[in-house]
Amino acid sequence: MKKTFLAVFTAIVALYGSENADIFTKYEGTLRIAGGTAHIPTMKAVAKEIEKSNPRIKVAIAGGGSGVGIKKVGEGLVDIGNAGRAVTDKEKSRYGLVPFKWAIDAIAVAVNPSNPVSNLEREKVIDIFAGRIKNWKEVGGKDAPIDIYTRDSASGTRKVFWKKMLSKGEITPSANFVNSNGAMKRAIANDPNAIGFVSAGFLDDSVKGISVDGIYPDKKHILSGEYGCKRGLYSITKGQPEGLKKAFIDYMLSPHVQHDIVAKKGFIPVR
Amino acid sequence: MIKVSNLSYGYGRKYLVRDLNATFRRGEITAITGRSGIGKSTFLKSINRLHEVERSDFFREGRIEIETSTLSGDVSSIEPHILRRSVGYIFQSPIPLPMSVEKNVSFAMDVAGCTREGAVRDALQSAHLWAEVKDRLDEDASRLSLGQQQRLAIARVLVMESEIILFDEPTSSLDPNSTRMIEELMVELSKEKTILLVSHDMEQIGRVADDVIALEEVSSNIR
Amino acid sequence: MSGDRLLLHISRVVVVAITAIYLSILFHIIIKGIDAIVSLGVSDITPAIWGSLTLVLLSVTMAIPLGVSSAIYMELYGSPKIVEIFDISFEILASIPSIVIGLFGFATLIALHRYIPSFRASLLLASISLCILVLPYIVKATRLGFSETPSDHKAVAYSLGATKEDVLFRIMLPSARGQIKKGIFLAIARSAEDTAVIMLTGAVASYGFVDGLLSPFEALPFYIYYTSAVYSDPGELLSIYEAALILICLSAIFIRLSSGISRGGAK
Amino acid sequence: MRSFLTLSAIVTASIVVGIALFLLYFSLPLLEGSGLEKTIVGGGDGDLSYGVLPALVGTLWISLLSTLFALFISLFTSMGLESLSGKRYTRFVESFYEILSSIPTVVYAFLGIVLLLPHMRALFGGSGMSILSASIVLSLVISPTMILYFRESFSTVPREYRVVVYSLGGDEGSYIRRVLLPFRAKSLKVGTIMGFARASGDTMVSLMLAGNSLEIPISPLDGARTLTTHIALLFAEDFDSAEFRSIFVAGLILMSVTISIIVSIRKMGAKDVG
C-alpha cells in the first residue's frame, strides 16, 4: 500500500518537476468555484498560492452547499463544484460530472468549549437532534436547554450526518439554520448551550468536538473506520477537466497541497 | 392684420364673450377694455392659442383669422408653435426665463432653429435696453430691474420679427418711469405692426391707443 | 389635563432614551471602526470597497438615462391613463422587497444561461438588478422636478413659439436638475447599502479586485453579512466594523447631499 | 428620439410585469393540483420538507411585532420632538435621524449579533436568535424613516392651532394629544403602513437574527424564517426541486403584499410612498 502511494508521489513530482504553484504560469483567467463549505478554507489557501505565483489567474470561491456545487457545475454556472458527499449516479449521468476526491473528512458533533459534556452515546445524539432530549442535564451537563443548530437541504455535511450519525432520524424543525460550516462554527462558539455538527477540519479551541460512543473523530479513528460518520471531499468538473481546471485539480492532488495544506487544515489527505 | 368674426368663447359650459366682431389693422394700437374677469387676457390668448396649454376646458366658436407676410388663415388651422412665432405676447409681469439675458432674447430663435447674427443686439436695441445690458449679457436675467425685465420681455418677442404683438397689461407692475418707456416703445413698434393692448388704465389708453374695444357682459352665459 | 402632561413627559423620556440608544450604537461603530482602520489598515477590504464603488457607479449610470427618459416620455406623450398606469407600476417597483428583485435577476440568469453560456452571476447581472432597484427613485425625482417647474416659465416659452419638446428640454429639464440630482444621490445610497440583491446575483466572499463585467465581485455589504456569520478571530471581527464604518460614511454622505439639495434648491 | 423615449419608458414600466410573470412562471407547477398543499404546509418525500407556511407566519410575526415597536418609538419620539420644536437643537436632531435612516440594514443586523444577542441569550436562554431579537433590531431600522415622515406631516399643521389651544388654557401636551394627533391621524396610519411594508420586505435582519428555523413559531422567543429569508437561504438549491420552486411562491406572496399595501395607501389618498 505504502509503495503505491510512493509511486504516485514520484510520478506526480516527475510529471511537473515541482511541488508548488509554478505550474500555473501558462494559464490565465478566472476560475469560479462554488458549493461545499467545508472546502472553503482549503480552497482559499490554495487560491492564495496560485494567485501569488500568477496574478493573471483569479479564483472566485463561493459557498452554498454541496447540492449547490453539483447543480451549479452541472449547469455550467461555475467551473468547479465542491461537494462534501458522493455524487449520485443520477447526477453523474445527467450532467456528465467527473468527481475528484481530494480529502477524507469526518463530521463531528460539536459543542461550545465551555460545555462539560465531552462524550455522548449515539442514541442520545439522535434523541437530542430529534428534540426528544431538551436539557443538557439529561446527558450529564449543566441545567440548561439545548440549542440545536442545523443546515439547509443543500448541505452535504447535513446529508451525510443525517444518514450516518442520525440513521436518517428527524432533525427538529425548531432548530436554528445556518448556511455554512464556518457559520456553524461561529454560532456554536457564540452559544454556550449549542450543539451542532461540523466538518472535523473546523474543530479548534472555539468549538469542541465530542466523542460518540467513546470514539473521538480524529485521524486514527477515521482511518480505522471506528468513527463511521465520515465522507470524502470532492471537487467536480463537467466532463474531463482541461486547461486551468485540470491544472487546479492536479494541484489539489499534488503532494505539496495534500500535505502542506489539506492535512494542515485538519483533513486526511488521499495521497 | 387680425379679423375676428362672430367670436364666442368661454370655459367649461360658460360663455365669457359672445359674437364679437372686430378687425385689427397693421399700424394701429387697439386697446381692449372691460371689467376684470370678463376675459380680456383670454381673448389675447385665444389669438395665439396660449390658453390651450393652460386650461383644457376652453372652447371657442366663430373665426379668428390672421394675415401676415408669412401666414394667413384661421388660427386653429395653424400649428400652435408656428402661430406663436408670428404673434408675440407680452405678459403682465415680465417672467424672465431662468437663464442669461442673452439666452432669454435668443430663446425664440433657438427653439425655431434659426439663429441670425446680431439679432440679439438688434432686438435689445429696438427694445431700448442695449445700452443698459450690453455688458451684462451673461448675467441671469432675473438680476435686471423690473422695468428692464419688461423691456427684455419685449426684446425676446422682437427677435421673432412677428408682425402682431399682444400686450397683456404690460405696465401694471411697473413704476411710472418704466411705464412711460414701455408706452413709447409700443407707439414706436405700432408703425410696423398690429398691436393689441389689454389695459384698465383709461389714461394710458388715451395716450397710446388708436381705437378701443370694450368687451361686454354676456346676457345668457350658459351654453 | 394630567393625562396630557403625562403623555408629554413620556414622549420626552422616549426621545432621550431612543436618541441615547442610537448614539451609543453609532459611537460603538465609529470607535471600533477607527480602531480597525488604525490597527488593520484597509488592505483586506480594499477589493470590497472597489467592488461596491464599481457596482454603484454601474447601476446608477444605467438607471439615470432609463429613469429620466421614462419620466420625459410620461410628460410628453403619456395620456392620463398611461401616466397613471406607469405611476402605479413605479410605485410598486419602489416597494418590492429587494430580495424579490434579486430573485428576478437570478431567475433571468437561469433562463438566459441556457442560451448564452458565458452569462453567469456577475458584476453585470448585479448592476442590472440594482439598476431596477433604484430606477423608481430616479423616475420619481424627475417627475417631481417637472411638476415643480413654474408654469409661468412654460407659458412664456410657449408664447415664444416653443413646442412641447422645446419646453421640456429647455425649460423643464433644467429646472428639474436639482430634484434629479437628489434622486441620483438617493439611488447611490440605496444601491451601496443593498445586500439582498447582490447576494443572489454575483457577490462572493473572496475574489480580489473587480476585473470585468462578467466576473464575480466583492462588495462591502456582502462582506459584512458573510464575515459576521463565519469570522474566526478578533481581527476578522474588527474588519467587519471597518467595512461597516466605511459603508455608513458612504451612505450618510449621499443621503445628506440628497436632502441638502432639496432644501436649498427649491426656489 | 421619440422612439428611444418610448422604448425606455416601456422597458422600465414593464419590469414590474416582468417580475410578476417570472414569479408566476416558476411557481405555477407547484400551485397546480395537489402541489398546492405541499407548497404551503410542506410534507415532501425528502428528509426536510419545505412549506412556505412557516415562513409566512414568521413574516407576519416579525413585521407586526417590529412595526408595533417602531410605532411606539416613532410616535413618542416625534411627539417629544414636536414639544421641543423651535429650540435650536431640533434641526440637529432631525439630521441625526436622517443619518440613522441611511445606515445600511446589514450593519444594524451585524450590530444585533454582537450587541443584542448576548443579552437575549443571558435573559431568555437559548441561542438568542428569535422573532423578538429580529423585531427589536428591525424596529430600530424602520423607526428613523417613520420619525422623519411623522415630523414632516406635523410640520404642515397650521401654527394658529397651537395659539388657540394655549389661549383656551391648554398646554403643549393638550395641543399634541387633542389637536395634532387627531388632525394627522391619516399620516400616522400611512407612515405605519409604510413601516410595515419595509419590515415585511427586509431580508438581512431576519436572516442574521431570527434563527431561520422551519417550525411554525408560536411565541416571540421562537426562532423563525421569513418569506424573504426563505428565498435567501434556498435560492442556490437544486433548480428542479420543489424547495427551489417554493422560493418563487414566497416571492409571489411578497409581491402581492406589496401591491395590496400600495393599493390601500392609494385608497387612503396619500400618494407619496417612498
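Think of it as A, B, C and D in the order they're written, each chain with its own count starting at 1.
The rule is simple: contacts are C-beta pairs under 8 Å (C-beta built on N, C-alpha and C of every residue); 3 or more make two chains touch, one makes a residue touch a chain.
Note that this is a predicted model, so its numbers are computed, not measured.
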{"item": "Chain whose averaged C-alpha position falls nearest the assembly-wide average", "value": "C"}
{"item": "Inter-chain pair with the most contacting C-beta pairs", "value": "C-D"}
{"item": "Farthest chain relative to chain D (centres taken as mean CA coordinates)", "value": "B"}
{"item": "Inter-centroid spacing, chain D versus chain A (mean Cα positions, whole Å)", "value": "37"}
{"item": "Centre-to-centre distance between chain C and chain B (centres being mean Cα positions), rounded to whole Å", "value": "47"}
{"item": "Whole-Å gap between the CA centroids of chain C and chain D", "value": "17"}
{"item": "Centre distance in Å when chain B and chain D are each reduced to the mean of their C-alpha atoms", "value": "56"}
{"item": "In chain C, residues with contacts to at least two other chains", "value": "110, 229"}
{"item": "Where chain A touches two or more other chains, by residue", "value": "75, 178-179"}
{"item": "Touching two or more other chains - residue numbers and ranges from chain D", "value": "239"}
{"item": "Chains grouped in pairs wherever the two touch, ordered by label", "value": "A-C, A-D, B-C, C-D"}
{"item": "Touching residues on chain A, where the partner in the complex is chain C", "value": "30, 32, 40, 44, 47, 51, 58-63, 75-78, 178-180, 182-183, 185-186, 204, 206"}
{"item": "Touch list for chain C against partner chain A, complex", "value": "109-110, 113, 117, 120-121, 204-208, 211-212, 215-216, 229-232"}
{"item": "Complex interface listing, chain B residues touching chain C", "value": "48, 50, 53-54, 80-82, 84-85, 88-89, 91, 93, 95, 97-99, 107-108, 110-112, 153, 156-157, 160"}
{"item": "Chain D to chain C touching residues, read off their complex", "value": "2, 4-6, 8-9, 11-19, 22-23, 26, 72-73, 76-77, 79-81, 83-84, 93, 95-96, 98-107, 109-111, 113-115, 140, 143-144, 170-174, 176-178, 197, 200-204, 207-208, 228, 231-232, 235, 239, 247-248, 251, 254-255, 258-259, 261-262, 266, 273-274"}
{"item": "Residues of chain C defined as touching chain D within the complex", "value": "1, 3-8, 10-16, 18-19, 21-22, 25-26, 28-29, 65-67, 69-70, 72-74, 76-78, 85-86, 88-104, 106-108, 110, 132, 135, 139-140, 189, 192-196, 199-200, 221, 224-225, 228-229, 237, 240, 244, 247-248, 251-252, 254-256, 259"}
